[in-house]
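For reference, the structures are reproduced in the following blocks.
Below, subunit A partners subunit B and then partners subunit C, in two separate complexes.
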Partner chain A sequence: MIEISIDTLIKGIGVLSLIIVLLCIYIVLNGRREKALANDVRTYIQNKQDLWYRYFNDEITLPPELIPNNNTDIKAIEKIFLAYTQNISNPTIMEKIRNFSNQYLRQYYLNLLMNKRWSLRMNALYRIISFRIDSLADECKKLWERAKLSPEERFQLLVIHSIFDEDGFIREFANLSIKLSEYEYRKLLIGFNSEILKKLTNQMADFPKEYQYYFIDVLGLRRNLDFLPFLENNLSHKDPEIRIRSLKALNEIGIVTDLEQYKVFLSSPIWEERLMLAKLLGSFTLDQVYPYLEQLLQDENWWVRSHAARSIGNSKDGKLWLEKFIATAQDQYAIDMAREVLEEGINQ
Partner chain B sequence: MISEYSFEDTIAEQIFNALRTYVVRSRTVITAIFLGLYNENEFDIEKTSEAEEKITGFLQNTTRKSDFVFKFAGQTKWFIILSQSGEREAAAFLRRLYILVKEKGIPALENYEPLFSASMAEIGNDEGTFEEFIANGMSVLADSLSKGPQQIEYIATYKKRPLEMIRVSILEENAIFRHVLYRTLNNLDLDHFEMEIKVFQDGYEFLESDWYLSSHTHLIIANDILPRQSGLDVLHKMRMLPNNKRFIIFMMTKGSSEGDMIYAYESGADNYFIKPFNLRLLEVEIKRTFERLWP
Partner chain C sequence: MSTIANGFMKFLGGFMLLYMGVIIATYTSMLIFSFVAMFKEHKLDKNVLDEDYIDSFYSKPLSIIIPAYNEEVGVVDSVQSVLNLKYPQTELIIVNDGSTDQTQQIVIEQFRMKKIPKVVKEQIKSKPIIQVYQSEIHHNLYLIEKENGGKADALNAGINLAKYPYFCSIDGDSILDEKSLLRVMKPIIMSNGEVIAAGGNVRIANGLDVQMGSVSQKDLPNRPLVLMQIIEYTRAFMMGRISLSKFNLVLIISGAFSVFAKKWAVAVGGYSTQTIGEDMELVVKLHRFLHENKIQKRIEFVPDPVCWTEAPESLGVLRKQRRRWHQGLIESLAKHKKMTLNPMYGKIGMISFPYFWLVECFGPLIELGGHIYIIVAFFLGKVYFEFAVLLALLFILYGSVLSAFAILMETWSVNVYSGLKNFFKLILVSLTEAFWYRPLTLLWRCEAFIQVLMGRKSWGNMERVGLSKRTHRKRSDLPE
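Up next is the complex of A and B:
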């Protein structure tokens, strides 16, 4: 049994109590400090937001009182800039934010970049992107070389690289040195303008396989007709997944130029290709494609039948065609599907 | 005041005043035309009243069913009210009339080719008396006739539309952007409209206020997602109100899907802005929307 003298015990309790008291004092003081800081930020915004508005709208040149004197000013300016960049799209305002940040906020974000705390470094990276602080591009490059970096930081650094060194980024894109998740990869691509994406189509063959798939998906999301020839070209690709995703992207764009090159998928052994074809044929008039849709309506796969019926049903006079089909067809599964789509339409 | 002008049909004043009152209510202008004969002295005196009758009939057949033609008593002059027409449409009507008369004449009125001149006034308000209006129109018609045949003189005095008060509500959570929207709308220079703007941080604050209960035309600019009650809640509630046509509802969203936009339009949204958007775009959309209120 451990023996502790009462004297030691009292001393121990005393020390612990002291620590607790000091901790409480620290929490209270820290709370007050943060509250005071939030108040100061609020006051700054209330007093200066009008001046910022006038500066951004070319009513005045940059007044000296908008130049930050301390970190509180910077925190308030950060809030104002974020409100503008997240809600307003205006190249003139963006340029003013970029210039101001490069000149007056650079040092503040550089200090944060070098901070030991991960959250502060991440904040700095986000702001460098939001405010386009290109004067920190070199520092970001140096940071990339660091061995100890979280995946989140690496991803943000990649985004920064893509923004500030577009050509260099495109050159290196096929051989990305980090592994990105599907979400990250798509997020990165969605941030690109169509010109970059167009340049990247030339290198897609060099991308790792799964990145090629995500890349095609993003082209579809863009709904840009410029990608149509590239996607149609992929329809004869040897990888079925590339063909399916290209069909899906073409369906997203919603415009099909030449029916002939799609007919091959009518007899595809891969049901996903027949499914995408059933969807795509919805872009044509029934006069042009009804025989193909009728064939797909009698497909062995439920999904193919379902989408073929929907493509017919959503077309002009499609309900009449479905009724005619029900009256004359033999395939009970196809008849059931046509009937289901008709009833859905009536219920709507 | 006793007018020196009177009409063969005494209902002219009543009809004119009724239409003029409706101008402001319906935000649709009307145009009054004073038409006179330049070559009146070429009339065969004995057949004057018969010819005047034929001209009146011709004018009635040439105008739309919603227009009115009145003849001044004892004068070869006519007062035509074109409902739902501005002065541009009225001028086009007169030019067509001049060409038609010149090319084909007036049916059953042989041996006489009438040459008209006119004065016209677009009416955008209901101010002033009928007598003053008629006296003014006839005086300008005299000027027009003195200048020659096929003339058109414009009277701008009655064109001015009344200033209409429009309520505007901004529902946005971010206080800084809320202020930016307020400033932007406050700086907006609109013809014929004055805006009374209020800002709200969410749908609940807006719905708790009695601000939306007035009969004013009311522009609501609301973010779709808001704390407590969302912009979509406000949209639904406004569209459930009687006389909800007075609400013009613009939605704002951050990265919303097309499906959400379709849903909002189907629920009664008049416009949809995806953030970040250009404030100039919002300004022109508002201007166009208000311009459309007066067709």
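Up next is the complex of A and C:
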């Protein structure tokens, strides 16, 4: 029995060695092919980038030699377009890229979109978004109907839907059929202009809880004053998370008008609310808010103390106030914190 | 020979064959799983995603902690390389763990550090912090001066100072690829916080020209010992971790380069100062904590973010390193032995632990036994001779053929060491593994058992010495 096994094993190792040799040959050939392709792409870019530049800058109309003849050309054009879309936000150039892609690259990306390989389909979806290839919008819709789709593809298709059919997308937004991560949700929202976000504030109550939180975060990051009333309105919301996020968003916007409506958070049992307040009070002058910040500087929570000290330290004449505090206060923790901010002297 | 001895030899031979059969089947399936995972992402344009992450809007701020003990030679370079990383919002904390050389002075002078009276919230116990410094040139660069307490203790002090929700630990002599941080954070950001720790791919940079975090092309060194380690790392990362990560079974992410959510690391008490392998220990503690509290989280390995590190070039240093890694492994497994085959710990208890015990921990003992068996059997006559040949062939299959496949897969997918010359060098050397390198590492790892039995107390001291020796500080992996 063992003799047979040895024999089999030797044969097995022989076969595996042969496979290794064959794979080596494949890798060598494949490496050469890829190198050649990369060279061709480089040559194309070197030769044609000036022509593209002149075309994009309206110096010439589209010369026939820029129309791609093969996949190498397309790969090179892809690289040139990406360099423009990622680094320059010029509507005229974007429009030219869109038109060109719709006309000459559509078929190429359609083939990729229908490819069996997930990675190639994903690349096609990325490019449809980057180059705004709206002539493929219908194909994307059809793809959405497919039962077997990876979550990544579904998300990219959703982004495409949001770009090419804004109104339709807003109508469906409150009832999104797929679950998105915070990253994905934010990425979707960041694509919208402030007008649309404003429309969405009216629908926010209908969003699932988590999405409401992300939505408020995005409003803060937009730093748009138009959202102030909406955010301030949320300060009395019954969900503490909504209140905390709204405080955070208001802090991001950095402009606070009515001090009275924030005072209630001074005695909040939730330390995150006191923390956000400590940050937010930094937007006022110390004459107006010092007593509150002093109270927060002696808070039981380390983070609240830390941010209260920074809010004081970063204000005009904050250093003087901190020195005065150190000289008179009793609370050693608060004194240490004040001293740290005082001597650090660097905005954090 | 007596019948009893005869029966014993046969039983032993049978056992070895069975064991090797199981191991080879395990590794082959790991190789297949990894291939499937890599094939899926092959040709995917990852630059689009990188562009997304660079926007700080989507990213989460990160504290980078570099523990340093007598690193006067390399510390400035490694800090420079970290300062050059592409990541929107970071702070960098160098922890001088009571160095006795000029580490501290060099950092202070080079980066114009000045004392600040920082109040550090002690979330994890660590040896006292003497002073905190902040750079006048880079406001996000801090230096902690503390009493010597070992690498784990230094990391804990760094975590205490860190103000961001994630921290990344990097060895003082490691160099990160420019986009490493973005990519290692990707699963954390995409998963909505479900991934609480992620480890990157560690590669050996001996002989390559690494400057400012990027590697310019160069021939790999000719030393077989270094080449063999390159193959070992490649195999461990390409096939071991990718497949373990796919099923959330990862027990080790490299201490040389990993990211953790601070909240959870603090919840389990940070790095353990009592064990040698503090990186593995933290991951095991996290898994244990998550299961005991019924929290659904993941720990992942990310294949493409690369961290470059230097490997030992002499047998003596390599031997110490391997012995130490294996001690760390035994210790962590022993400390958490109640997780083994305990359904309460899910897949970690039912699959990871048995796998690590049987294959990674006791594997070297059994394999070494196999090697001795082969030698003895050759002298004992025909019956055992066949057993021996069979076993030797299995060792070749295991040691050499699988390594060659791992190198093939690496070249096909990520191709870190590009160039045909490098590729053939690696393939050829990988085929020799079973004949010299494998037996050597087996011996060293078995020595760890002797050290464990001799007494644990000396380890604590070694920990402090270890921090000074760069070669002791990088744990590659154990699936081999």
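General observations
The definition used in the following text is that the second predicted complex is superposed on the first by the 310 of 348 C-alpha atoms of A that agree within 3 Å, B and C clash if a C-alpha of one lies under 4 Å from a C-alpha of the other, contacts with A are read in each partner's own complex, and residues count from 1 in each chain.
Convention: a contact is a pair of C-beta atoms (placed from the backbone, for glycine too) under 8 Å apart; a residue touches a chain by one contact, two chains touch by 3 or more.
It should be emphasised that the depicted structure is a prediction, and the values quoted were computed from it without experimental measurement.
In the superposition on chain A, A:I45 contacts subunit B only, with no contact to subunit C.
Subunit A has more of its residues touched by C than by the other of subunit B and subunit C. Contacts of A:Q86 after superposition on the shared chain: both subunit B and subunit C are touched. When both complexes are overlaid on chain A, the residue A:I6 reaches subunit C alone and has no touch with subunit B. Of the two partner chains placed by superposition, A:N251 touches none, neither subunit B nor subunit C. In the superposition on chain A, A:Y53 contacts subunit B only, with no contact to subunit C. With both structures placed on the common chain, the touch criterion links A:S101 to neither subunit B nor subunit C. Contacts of A:T201 after superposition: neither subunit B nor subunit C is touched.
Residues 86 of subunit A contact both subunit B in one complex and subunit C in the other.
The part of subunit B that touches subunit A in the complex is made up of residues 174-177, 179-180, 183, 254, 275-280. Against subunit A, the residues of subunit C that register as touching in their complex are 40-45, 47-48, 51-52, 57-58, 116-119, 121, 134, 139, 163, 189-193, 386-387, 389-390, 393-394, 396-397, 401, 404-405, 408, 411-412, 420, 423-424, 427. Only residues 2-3, 5-6, 9-10, 12-13, 16-17, 20, 23-24, 27-28, 30-31, 82, 86, 117-120, 122-123, 126, 130, 181-184, 186-187, 190, 221, 302, 306, 333, 336-337, 339-340, 343-344, 346, 348 of subunit A touch subunit C when the two sit together in their complex. Of all residues in subunit A, those touching subunit B in their complex are 45, 49-50, 53, 79-80, 83-90.
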